[in-house]
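Presented sequentially are two complexes of chain A, the first with chain B as partner and the second with chain C.
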Partner chain A sequence: MIEILSESALATVQDLGRLGALSWGVGVSGAMDPLALEAGNLLLGNAPDAAAIEVQIFPFQVRFDAACAFAVTGGGGPVRLGERELPPWWCGMAAAGEVLRLGVPKRGTTHGSRAYLCLAGGVDVPPVLNSRSTQLRGAFGGHEGRGLRRGDRLAAGTLGWGARPLWFGIVPPSLTLPCERDGLPAVRVLPAAEYDSFTPASQQAFWAEPWTITPQSDRYGYRLSGPVLEAIAFRELRSHGIVPGVIQVPRGGQPIVQMRDAQPSGGYPKIGTVIDADLWRLGQAPIGSRFRFIEASWDEALAAADETRRWLASIERLVGLHTLGTGGR
Partner chain B sequence: MTTEPAPLITLLGTTALLFEPAGETTLSTQQRIWALAREALAWPEIREAVPGMNNLMLAFACPPRSLAPLETRLHAAWQAAAPLPLDGRVIDLPVVYGGERGPHLADVVSHTGLGVDEIVERHAGALYPVYAIGSHPGYCYLGGMDARIATPRRQVPVLSIPGGSVSIGGAQTGVSASAGPSGWNTIGATTARFFDVAQHPPTLLHPGDSIRFRIEKVIR
Partner chain C sequence: MPIAGIDQISAWLAATDITELELTGPDACLRLTQGQGGVVAATQPPAPPPPAAPEMMAVVASNVGLFLDRHPLHDVPLAIPGARVAAGQVLGLLRIGDLLLPVAAPAAGEVLAVLVPHGTVVGFGTELIRLRPLPE
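Showing the complex of A and B:
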C-alpha cells in the first residue's frame, strides 16, 4: 500500500488505455506518455500495460506502508526517496514508512511535464471495461473514477520483482529517440481528410511555422497558437470517430490536438494526425513550449513505431542483465 | 449503386482510418454502415469498428504494412453491404420540458417562431433511430428530428449541462448521458440512465434501437 500525501487532483491512475470501448462512446484515456509508463513497468518486471500514477503537478509525495520496488519515469523535477536523490528514469526499493517525493522541475531546465510512479506489480485498482485508466467524464476506472486526493491509499499488485533491492536506470527516450527540426522539438504528422481543404499558404505555414502550446491545454486536448489556418471553405462535418493525435481546426483557425482524454468522436475539420509513435513527445511538452509538425509518409510512420519497439526491447534486455544476479523473474 | 461516387478513405494517423460514403445523411446509408461495421470487425487487422453519422472509423489492431489491399476490401464490402434491418427496441423516455432543466426552450421558441406546446409536441411526436454511440459514454447520435424545430448551436457553449439533458443542436436532438460541456440548446430533462459500467454491454441503447420522448410535464 502507498498513501498519497499531496493534494493533487490532477494525478490519476493510468495504464496504456482502454481499448475496445469506442463503440460505447468511451474514449481511450491512458498515459499521456505511454513510452514512460511502459519503460517504468519493464524496469520493475511488470506487464508493459500495468497501471501507474501519472503526476502532472509537483511536488507530489507518497508514503510506502510496506517495502516495495518502484520506478519513476517521464518528466518532472528531482526525485527523492527519504534523503537519497534518484537519477531520472530510475528504479529503487522503498522501505516501509519511507516517503518518495517528486519535486518541482527547476526553472529554465528542459524537462517533461508528466512523471510516472510505477509500483512492482502495478497499481492494483479494479479493471473497468478492460482497463485501469481513469475515465474522468464517465467517472469510472482508476481510483474511484477520479483524480487522487491526499489520504487516498493504493495497493500494488503481486507480480513484478516484488520487494527486490533494485537500483538502476535507463537513458530517457528524449535522448535516445530525439526528434527535432530547426532547433525545436518536432512530432510527425500524417495528413488527414480535410488537409486539402486548407489554402496552400496555410498548408505551408502548418509545416513551416512553430506552434506554441497554450495554457488551455490538458489531458483532453492541446490548444495551439500560431499562424491562422484558413480553410478554402469551412465545412461542418458529420460526427465521426476520432483518436488521440487528431489535429482539429475549428473556425478560428487555431489547431487543437486531441489528447488521451479526448472524446471519441468529433466534427471539426482535421488537417492531420500526430502519429502514435510521437504522441508521447507532446504528452511531455510543457505549456508555453514551442514545437514543429513534420510531414510523414505511412512508411515513415511505421518505421517510427518500429524504432520505439526496438528501444523498449533494448530496455527489456538491459533489465534482464541487471536482474540476472537477483534470480530474474 | 454503381453510379454513386466512391467513398473517401482517409487516415487518422497510424491508429485508424475513416470511411465516408458521399451523399446526404440517410437512415438507409446508416443501415449499410452498421452492416459494414459488423463485417470489418471480423478482419484480423481491425480492432474496433465505430459507426459515426453515415461514416465508419476502423481502428487498427496493428497498422497494416500496406494500406491498398485493405482499401480494396473495404470498397468491395461496401458495394456488397445490404442495409441491416432496423429491428431494435423502442425506448420511451419521459421528459420534463422547460423550467430550470430546459433553460434554452425560449431560444428555440424565438428561433423557430413556434409556441412552446407545438415545439414540445413536434419533439415528442417523432421516432428517433439511434444512428451511433459516441461523444461520451452512452451518448446516442439520433436521426429523425422534425426540421421545423431545428435551432443552431449556441454561440457560446455552456460549460456544463447535467446528465439527462435533452437538447437540440442544428437539425439534431440528443440526450447527454453525463454532465459535461455542450453547445446545444437544452430544452428539457429525463431521468434515464444511459451508461452503467456494471452492465454488459454498458450502454442502455444501441445502434438500431429507437427513442420516443414522452411528455411528462411542460414547465412554462
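Showing the complex of A and C:
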C-alpha cells in the first residue's frame, strides 16, 4: 500500500488506455506518455500495461506502508527516496515507512512534464471496461474515477520480480529515439481528410512554422498558437469519430491536438493526425514550449511504431539479463 | 590443522582437469594441488585481516560497460572531488546498451578522484573512483 501525501488533483491512475470502447462513446484515456509507463513496468518485471500513477504537478510525495519495488520514469524533477537521490528513469526498493518525493523540475532543465510512478505488480484498482485508466469525463476507472488526493491509499498488485534489491535504470527514449527539426522537438503527422480544404499557404505554414503549446492545454487536448490556418471555404462537418492525435482546426485557425482524454467525436475540420509512435513526445512537451510538425507517410508511421517496439523489446531483454544476473525471478 | 571433508574434495578434484584449488575460510586457507602423484593438500593460517581504517577506498566497476561520470540527461558530474558522499550514493553510471547500472559508494566518504574519463569503456573490476572513508 502507498499513501498519497500531496494534495494533487491532477495526478491520476493510468495504464495504456481503455482501447476498444470508442464505439460506445468512451474515450481511451491512459498515460500521456505510454512509452514511459511501459518502460517503468518493464524495469519492475510487470505486465507492460500495468497501471501506474501519472504525476503532472510537483512536488508529489507518497509513503510506502510496506516494502515495495518501484520505478519512476518520464519527466519531472529530482526524485528522492528518503535521503537518497534517484537518477532519472530508475527503479528502486522502498522500505516500509519510506517517503518518495518527486521534486519540482529546475527551470530550463525539464526533460518532460509528466512523471510515472510504477509499482511492482501495478496499481491495483478495479478494471472498468478492460482498463484501470481514470476516465475523468465519465468519472469512472482509476481510483474512484477521479484525481488522487492527500490521504488516498493505493494497493499494488503481486510483485513482479519479487523482493530483492533493485537499483538501476535505463537511458531515456528522448535520447535514444530523438525527433527534431531545425533545433526544435518535432512530431510526425499524417495529413488528414480535410487537409486539402486549407489554402496552400496555410498547408506550407503548418509544416514550416513552429507551434507553441498554450496554457489552454491539458489531458483533453493541446491548443496551439502559431500562424493562422485558413480554409479555402470553412466547412461544417457532422460530428464524426476522432482519436487522440487528431489535429482539428476550428474557425479561429489555431489548431487543437486531441490528447488522451479527448472526447470520441468532433466536427471541426482535421488537417492532420499525430502518429501514434510520437504522441508520447507531445505528452511530455511542457506548456509554453515550441515544436514542429513533420509530414509523414503511412509507411513512415508504421516504421516509427516498429522502432518504438524494438526499443521496448531491447529494454525488456537487457533488464531480463541484468535481473537474471542478480538473482531475479 | 585438520579440516573436515578434505578427502571428499580431493576425490572430486581428482575427477577433473583442475590442477589447483584454493579455499579460504575464516580460520584457514586450504590449497589442493593435483599433479602426477595425485592430490596434495596444504593448509595455511588465514591471511591477516585488512587494516581497520584504510586511508583510501577504491570504487570498482561491477560490470563491463561504458563509464559515465554523469547521467545522460544532466550536465553536472555525480562525483566531484572534495565532495562528501553517503554510503550507497550513485557516483557514476555504467552503460550497457540502454541499461544504466549504478557505480555506488561502498561507504560514506570524501571523493578523492574520478580516475576514468566520461565515456570510457571499462572492464570488470576497473578502479573508477577513489574515496577517503569518513564516519557517516
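Here is the rule we use: the second predicted complex is superposed on the first by the 323 of 329 C-alpha atoms of A that agree within 3 Å, B and C clash if a C-alpha of one lies under 4 Å from a C-alpha of the other, contacts with A are read in each partner's own complex, and residues count from 1 in each chain.
Operating definition for what follows: contacts are C-beta pairs under 8 Å (C-beta built on N, C-alpha and C of every residue); 3 or more make two chains touch, one makes a residue touch a chain.
Computed from a prediction, not measured in an experiment: that's the story for all the values here.
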Put the two structures on top of each other at chain A: do chain B and chain C fit, or clash? fit
Touching A:275, do we find chain B (first), chain C (second), both, or neither? first
Looking at chain A, does chain B or chain C touch a larger number of its residues? B
Can A:167 be said to touch chain B (first), chain C (second), both, or neither? second
Given the superposition on chain A, what is the angle at the CA centre of chain A with arms to the CA centres of chain B and chain C, as a multiple of 10 degrees? 160
According to the stated criteria, A:138 is in contact with first (chain B), second (chain C), both, or neither; which is it? first
Return first, second, both or neither, reflecting whether A:318 touches chain B, chain C, both chains, or no partner chain. second
Quick one: classify A:305 as touching chain B (first), chain C (second), both or neither. first
A:234 contacts which: chain B (first), chain C (second), both, neither? neither
When the two complexes are superposed, chain B comes to within a least CA distance of chain C, in Å, of 27
Touching chain A in the complex: which residues of chain B? 8, 10-16, 18, 20, 25, 47-57, 59, 63, 65, 67, 132-139, 141, 170, 177-178, 180, 195, 197, 201-203
Hey, which residues of chain A end up touching chain C in the complex? 83-85, 87-90, 111, 167-172, 174-176, 311, 314-315, 318-319, 322
Can you name the residues of chain A that touch chain B in the complex? 19-20, 22-26, 128-129, 135, 137-140, 189-193, 236, 238-246, 263-265, 270, 273-277, 298, 301-302, 305
Please name which positions on chain C make contact with chain A in the complex. 71-73, 86, 88-90, 93, 95-102, 104
